[in-house]
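What follows is a set of notes on a single structure, which appears directly below.
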Amino acid sequence: MHDTRHMPKPPARDWTIIAVMLLLAALVVASFASLPLKWRDFFTLDAINSAAELLAGFAPPETATPFLVKTAWATLETMSMSALGTLLAVVAGLALALPASGRLGQAPRAAVRALLNVLRSIPELVWASILLIAAGLGPFGGTLALAAHTAGVLGRLFADSLENAPPGPEATLRTNGASAAAAFLYATLPQTLPQMLSYTLYRWENNIRAAAILGVVGAGGLGQMLKYHLSLFQMQQAATVIIAMLVLVALVDAISYALRRALTR
Amino acid sequence: MPTYHLHHLTVRHRGASSRSGTPLPALRELSLTIEQGEQLALIGPSGAGKTTLLATLACAQQPFEGNLTMFDQDPWALGDAARHRLRARLFLAPQTPPLPPRQRVVTAVLAAHLPQWSIWRALASLFKPADPQGAWQALARFNLGDKLYSRVDRLSGGERQRCGLARLLLSPAEALLVDEPLSALDPVLSELTLTTLREEAAARNATLVCSLHQVELALAHFPRIVALRAGRIAFDLPRAQVTPQMIAELYQGEHSAAAPAPAALPEADAMLVKPGAGACL
Amino acid sequence: MTALHRPLSAQLPDQLPEQLRRDPAWRGRIVACLLTVVIVWPMLVMSEFKPWILWDWQSLSATGRFLSDFLVPAHDAEFLQLLLRETWQTVAIATAGLALALVVAIPATLIITDRLSISALGTGRTRLPARLLRQSVRWILILLRSVPELVWALLFVRIIGFGPTAGVLAIALTYCGMLGKVYAEILESSDTHSTDTLLANGSGRLAALLYGALPESASELMSYTVYRWECAIRGSVVMGFVGAGGLGQRMDESMKMLAGAEVSSMLLVFVLLVALADLFSKILRRRLG
């Protein structure tokens, strides 16, 4: 029998959500407290003045022709790094995706997926500083670093695509006597190719941003120019390099968008 | 030499384990002999086991009990490689056309040659189709010649079904196993399809086993009718001996004999990529 | 090629008809191949792609020495304590940076979301000053987001000097751009009806957000924020390489000294950290979603 004369009791409080919120708040407070942050330094008049001076030094950006030519070459070098790195990653990613999608058994699947996780956990910059030991200074190490990290990302995405592909066409070809490789090439790969290309183009957009800054550890391109000029406090040149970076990123974004549109017609 | 000899064959549903205490198996105590060059129609209500029987004849599913010989060999006693070579002599055309949506018809049809091609030839044909003429002739026999370079997902359901059968015409198999080839076709196309299949089988002296829901067409085209019900053979007779009463008893309890249409193509939406996936920059 | 038996049902010509004789995709494929070579070849040259360098004597000996150190991660107590401190500092930089980013991003979202526009009520078009304000905030967010966070870190290191402050500020600036944009997108794509009604009945913008749009979008917003926190942890390690403190700065120093053992234990810790952060974020998303 419903008791309609009294208000229903409110439901019990969910303590777990409150506990989680408090934990997060504690994390934030602890972070600020434990970091040696130089707020006072940053907000003194002196600091603000020198910061303003520094920022003012950016304008106007350096536009002397020899410097622009140098920047243009560095831009092309950065673009090549990102494109080649992505291409290498596609090949490696596809090769790793085959075991990682379970086609060679469960044990290889687990092992290769663990490898892919390690590859993609390590950021491109860290890869670059490691690979430069073997490849020397210059963009080659940067290309390899991008390839290593992106192979981890694409390998995982490709493996998931392959696992989710409808198995019917490939099973039928195998039933009718085709070899495993041929059935894969004729049935499963055509189905997953558009999505794989889409992932690849998204990663290229990511890689151009990464390639632009890899030079900071010595991998050439615009990043190396930026570090060099900033360390000499040559702000105008640095400004030009930053603008070149922004233009390059916008260009690659546009190309990637156009290609993705064209491929899914 | 008989192409197939089945003796007291029991086949479980795919995925049923031996310990799971499953209900009735898909095929029970089935005995059947098919000579080379015979053409027979497989009829029966939905769920009778027609697809399972065809899969067993195609060497795609291992029987649980009983004897199965093909071309005088027991395929499941052979090694894996020998059994796979045996599969090249059989062709199974499933009910849902096994065609990748974005592939072109020419490549899909030429995939019939894959058991015979080396991997390099297969790769080369992906780039430049090795025998467009052969593919076109096969398609033309089903009135699909002009679709040679179209994409599979731009075809209608009936066209896709006939495209899957065109692949059969190009394969050199000696046993043709066809599962419900007419579910998306109108009466005129159904006649054309059955006639083409039978002429092809007769020309190569290949065995043809075709499962059909359209009993009148089965009686009209096939000299031998095998009827399945609940996993057993209800009757196995020349068509002259099949009476309307036997047909009625066979389909008793099935409210509509309407054939299920082939499943719609899965949407291959390549733009369904979450940009956040893995992109931290 | 297989010879097809000619059936009686069709009298077919031997040759393909005229319009089907040429494969329409053939030319496109050849052109694509040529284009690829024409584009990839100069790229190989420009990026100094010389794989044989990896096998020359100098690089092999350097790699060999590094790898032999690498195989045994450094595990003395003093180093491990240092590692733990630096790892915490990395997490702290990421958390503090994200917190600051939120402080700016939330008001920014309120400004740029068309959905919450009061001046649009009834007329369907916003007033000019409001539109200008929206557009300029949008542009600021785009600028903040387009400059790579490492560049911001480099700049701040120049201005303030080495240390975690530069990292925190760099994360705060870049991420407030990203958070603002995605929050606005999430809010825009949610159902408008409840928010519209509240605004139409006179409630303020913030109230309409809290009572109308937020209940529906809260889990998605939360999910994205936690995902960004994970990214911030990776980002703060990367920024350490230009002097912004934390694990990255230590790794850079060890790398310069070619101290393979220290690098390998730091990498291990880093991979573990990322996996833990991943797990933590999954749990958070499930609890708060």
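A few comments on the model shown:
Going in written order, the chains are labelled A, B and C, and every chain counts its residues from 1.
Criterion: a contact is a pair of C-beta atoms (placed from the backbone, for glycine too) under 8 Å apart; a residue touches a chain by one contact, two chains touch by 3 or more.
These numbers come from a predicted model, not from an experiment.
Comparing chain pairs A-B and A-C by the number of C-beta pairs in contact, the larger count belongs to A-C.
Taking the mean of C-alpha positions as each chain's centre, the chain lying farthest from the centre of chain A is B.
Averaged Cα coordinates give chain A a centre that lies 46 Å from the centre of chain B. As a whole-number value, the distance joining the C-alpha centres of chain A and chain C reads 6 Å. Along chain A, residues 209 each make contact with two or more other chains. Residue positions of chain C touching 2 or more other chains, listed in rising order: 148, 234. Counting partner chains per residue, chain B has residues 280-281 touching two or more of them. Those residues of chain B lying in contact with chain A across their complex are 55, 58-60, 84-85, 87-92, 94, 96, 98-103, 107, 111-112, 114-115, 117, 119, 122-123, 126, 171, 173, 266, 268, 270-273, 275, 277-281.
Looking at the complex, you find that chain A touches chain C at residues 16-17, 20, 27-28, 30-32, 34-39, 41-42, 47, 50-51, 54, 73, 76-77, 79-81, 83-84, 87, 117-118, 121-123, 125-126, 129-130, 133-136, 138-140, 142-143, 209, 212-213, 216-217, 220, 223, 226-227, 230, 233, 242, 245-246, 249-250. Residues of chain A that touch chain B in their complex: 120, 153, 156-157, 166, 168-169, 171-179, 181-183, 185-188, 190-191, 193-195, 197-199, 202-203, 205-206, 209-210, 260, 263-264.
Those residues of chain C that touch chain B in the complex are listed here as 1-2, 4-5, 7-10, 12, 15-17, 20, 23-26, 29, 148, 224, 227, 230-231, 234-235. Those residues of chain C lying in contact with chain A across their complex are 39-40, 42-44, 46-50, 53-54, 59, 62-63, 66, 88-89, 91-93, 95-96, 99, 146-148, 150-151, 154-155, 158-161, 163-165, 168, 234, 237-238, 241-242, 245, 248, 251-252, 255, 258, 263, 267, 270-271, 274-275, 284, 287-288.
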